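Before any comments, here is the structure.
Letters A, B, C, D, E and F name the chains as they come in the text, with residue numbers starting at 1 for each one.
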């Protein structure tokens, strides 16, 4: 089975790192196709960046119509463009924040999120509210580490994340950590060892969820709000992405 | 004072209709600058369209940096790109759904929303939840009228909306109607007369809110999540929209 | 247009200060009529005082039937008697807490309230819940400054409020401050300068909201819970305030 | 033990009926002192009436300082003035809506409220939200029976209430009925027989709760928001009710 | 009237202490029948213990069918088996956490819970959510005192609870304390004296609530989810507890 | 990898059917070990039955300590004993309701639950609230089909379930169906074909989730509320199940 992993930012290096993490999580027989948009920000660190990232996800989902992936993963913790991709595709589409919250809520009564820029905590908190994890998520904590500095992550940065996680566990009375950035995926194993509690990387959970739903034959429902987009004229740059009847 | 009104779709005719409704609401001395994105869907009728519309709002907000509008209105009922625009601009930015819900909650103990495509009800319901109006909004109702058919709205379409509103008032025990599409703004006066209850058009309320906040000197806070975007490289089409230090 | 501003306590000095703040916020052409009840507490600092203040608002709203103000503002942060006034009058009626929360939620992702007596924090917290701002309001903080001591506000008191606001911004990760007492209105400009974030005074926002709703022709819905009171015999002191058919 | 039962309206006949229902619920050895305010509406059927009723409760609670009742019951389903009375008195103060919701939630997984005027449903729904019974209360239903017509309740009115209750049980999948008006107390037994499910009259539950809390020595906490009112000057009619230090 | 008090653990000493506390709370004429299951844990300090405790409550409720108690109290703060007992019996069944939260919410605007093992805080927090007291309960605090060490409670343990309560009152801005364990019932009076705020022991409140509901003739509704269990074959140990038609 | 599937009732036939459904969902290389308690009800159709079922799950989880399954599934829609099993075991433990809600919320914006006895709807609704799916789950519907009649499911019963599902989709504006009973697992494929929307059987999703979490090395956190039970004496029947230090 082929799983599409969309990195909503345009950093090819991060796309590669996410592809790597996805392949490590995937079962034998699963092929990971990792892409990023042809336009937009090198990293997503706020609402403005995210608006472009969501359109970038729509672009990539539209392109994937040609081969209809068995499942699709949106690999940025704000889950940008998640519902746009659900409309565009038939296979299930999974956001990494959504998947991480679900997994965390099954292995711990309460969890904390450790993320990058403090200014994005509001985005994560809104997803907690939207998905309904307000009783399980006990705190979202910024470290003010730039997303791209995770690409070649020095020991001090790891130590800073570990430290934020320890403080969160104590202050929030939590017993698991959710990593609040796709760029943190490669640190998951190391942090698990150091912290002694479950550390959840949404990328790998979302890949497994995608394999699972696809294996069970569960598709995105086309009977309601996630029906295919209505056929429509798009103007300007976006002209090729207007939906045409199938 | 100059107020920017962004129509997130690319229909110039709808931009003009929204501009007209905005000017009717504006105080003497207020200049309305109505724009739409250079790219994207002719109308927004689902999540896929909305992803492009949000990027389009980001584009227009970025362009408006040059003249810093006193206030900005996002004139599509899903409030796409609202927070992106808040990051980009200093003046207050108001979504028409947000403004309509606020106004409705002051003139009625409960209100109902009447919107276009049923498949977008979920978008409006999510905004109700996000903004905190779950106790005041008693129902969101689709009419399956296409957004663009509102541009030159025939009597049958008006009658259909009126009928949906009457049913909503009775079924939901509501006492006001919120129009769930910027394209319905021109119908507000007529429906008010026919229904005998307050009918709220978010475009005009948002224009007044914008004038009000600007007059009071209230700007978007730059101390937290709505701080200016971080300076960043953007690739592809979106290259000009990467933020640069001011 | 004539806007009625009801100060629910009986301090004529505070009524005058509120009138002054209202006039500064009002547009040219708006006349502010500021009143207070003929009976009740000199300041409202708890539930017992508030019960009398609400009846006082009902008295003043009843008296204003004679001239039907274009809009009415209830100028006490607990919004006492708000719905009573909505029943009594046709024009829109706006509470200053409600208006302040709405404005704050548009200029900041999270805000904190700084109020007077700690014992009234529960009243403000209840309004936060009632109006649906639990995700935007991140804290309500008392300063234990007596309401009447704001009338002739010495520098130490200003400093105390500024200090409480700074602590709230940091502790709550907020980016705007709502002033939790009509008596703080005159301090709004000074605190804005000192704190560098939006400081919202509900009195001035409510006046602008009132002008706006009135300009748009939006009245209180008489179709539901805010219909005029039922005609009824009142006994004792309150005899003149029983409703008679119009 | 002496229990004060305050009828917030000024109908002496209803005060007497409530006194009667209270005495039937009370244990031997409990004396019921039933009063009503010296001013205000003959019945409470909306927000305007309720504002006066709350001040009337404050008046009666102030007068009761002289003898400090063992417990106090506020006998109107909107629980007007409840917190004002809690500030004024040392013994526990119980609202009949609050007590009825509590009792109903222990004898049924879901209950419905049947009340008088439809326009007051919003008041009851707000109490449901405020007290936290949104998962247990499955509906609030108006009958548009005038409160005072319950005083000498003809068989047709009983039948109308019974009918509304039956419909509510079926439509809401409820298994108990809460009577939404103190004036319905005398009908409780009859409706219980006819409906075959628990029918809860808040007056009798509140009397029992008052006896219980008093017997256990539980007083209103004076350490927080229900501390005695601050000493204060009151003007006009209300002059005698300004708090003076004890 | 005979009230059944079920201690869900198997400590006969604790059953006796709970019986004693119940008798002190009961009115003259009320007979307390205190029992514990024939199987299961000596104390309940987590989810695993609680699962057995709930079955133990079901056992005892089944046995009580023979004499149908006027009311039944489940005397463990997690309210284990509460709804099972409601199905089995006709008289009202009251959980001590539920009763304690209700009483606390009437004597204080906010309360805190002080309990035994920190690991059980999640159980109490879940009940707060389930019963709807999230706005009144401001914190649940563990002391890591073992339940059985309360049986013969030394002064240091009392001091430790008192200390935790003082901290909770200050940190949570609470004005009452709920004791989060049936084993703390004997300390209620002493802690009330020392803390100067209402201290609520759920056992005694639940006994009074039981007497009250029984006196008012309120039974568990048999029309809905609390109808008698369906007749059914039970296997193994539990064979005698399968329901047979009455 | 070996996955334990616990059927909380004592019907060997249903355990076998659940084992069969689990094996169909499992990946090659996964071994399903399906068990049921040695005691308790033949089917779970209410709170009383469920209390015994939860203890039965605790029994089976305790027995599985010997071989520590890679993951464990609780195969009854009320998720009885879920947290008890989480305390007892190291591998992840997944409830079928929890897993079904999670999967449904990823393939549809709104879903409905179709279950067996109407009297158990409250149990499912409570799980919806507890897990945080109140915005995604739009209705829980009973069919009053007895659980054991699903074992050898005649066409009329299938038709009845299909009919209830169709009504739910229309009435709730849902676009997916969750099967509210482990005994319905064998009907999942057929109903998917007939209804044309995703039909989710929690048993198969939970098996995939278990495989996924185990493959990712995610265990139940032993740092908080799901730590191993405290060592403790158990009496009577349950004596062997008291925890002893590992």
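The rule is simple: contacts are C-beta pairs under 8 Å (C-beta built on N, C-alpha and C of every residue); 3 or more make two chains touch, one makes a residue touch a chain.
Treat the numbers as computed from the prediction; the structure is a model and nothing was measured.
When chain centres are defined as mean Cα coordinates, F lies farthest from subunit C.
Taking the CA centroid of subunit D as reference, the farthest chain centroid is that of A. For this pair, subunit B with subunit C, the centres built from the Cα atoms lie 27 Å apart.
Mean C-alpha position of subunit D lies 44 Å from that of subunit F.
Residues of subunit C in contact with two or more other chains: 83, 109-110, 121-122, 129-130, 135, 173, 224-226.
If you sketch which chains touch which, the pattern fits none of the simple shapes: not an open path, not a single ring, not a star, and not all-to-all.
Chains touching one another, given as pairs, are A-B, A-C, A-E, A-F, B-C, B-D, B-F, C-D, C-E, D-E, D-F, E-F. Note for the complex: subunit E touches subunit A at residues 118, 121-122, 125, 129. By the touch criterion stated above, subunit A contacts subunit F in their complex at residues 25, 27, 83, 92-94, 98, 102-103, 105-110, 130-136, 169, 173-176, 192, 196-198, 200, 204-205, 208-209, 211-213, 215-221, 223-226. Residues of subunit E that touch subunit F in their complex: 10, 37-43, 45-52, 54-55, 57-58, 61, 81, 83-84, 86-88, 117, 119-123, 126, 129-130, 224-227, 229-230, 232-239, 241-243.
Against subunit F, the residues of subunit D that register as touching in their complex are 109-110, 135, 173.
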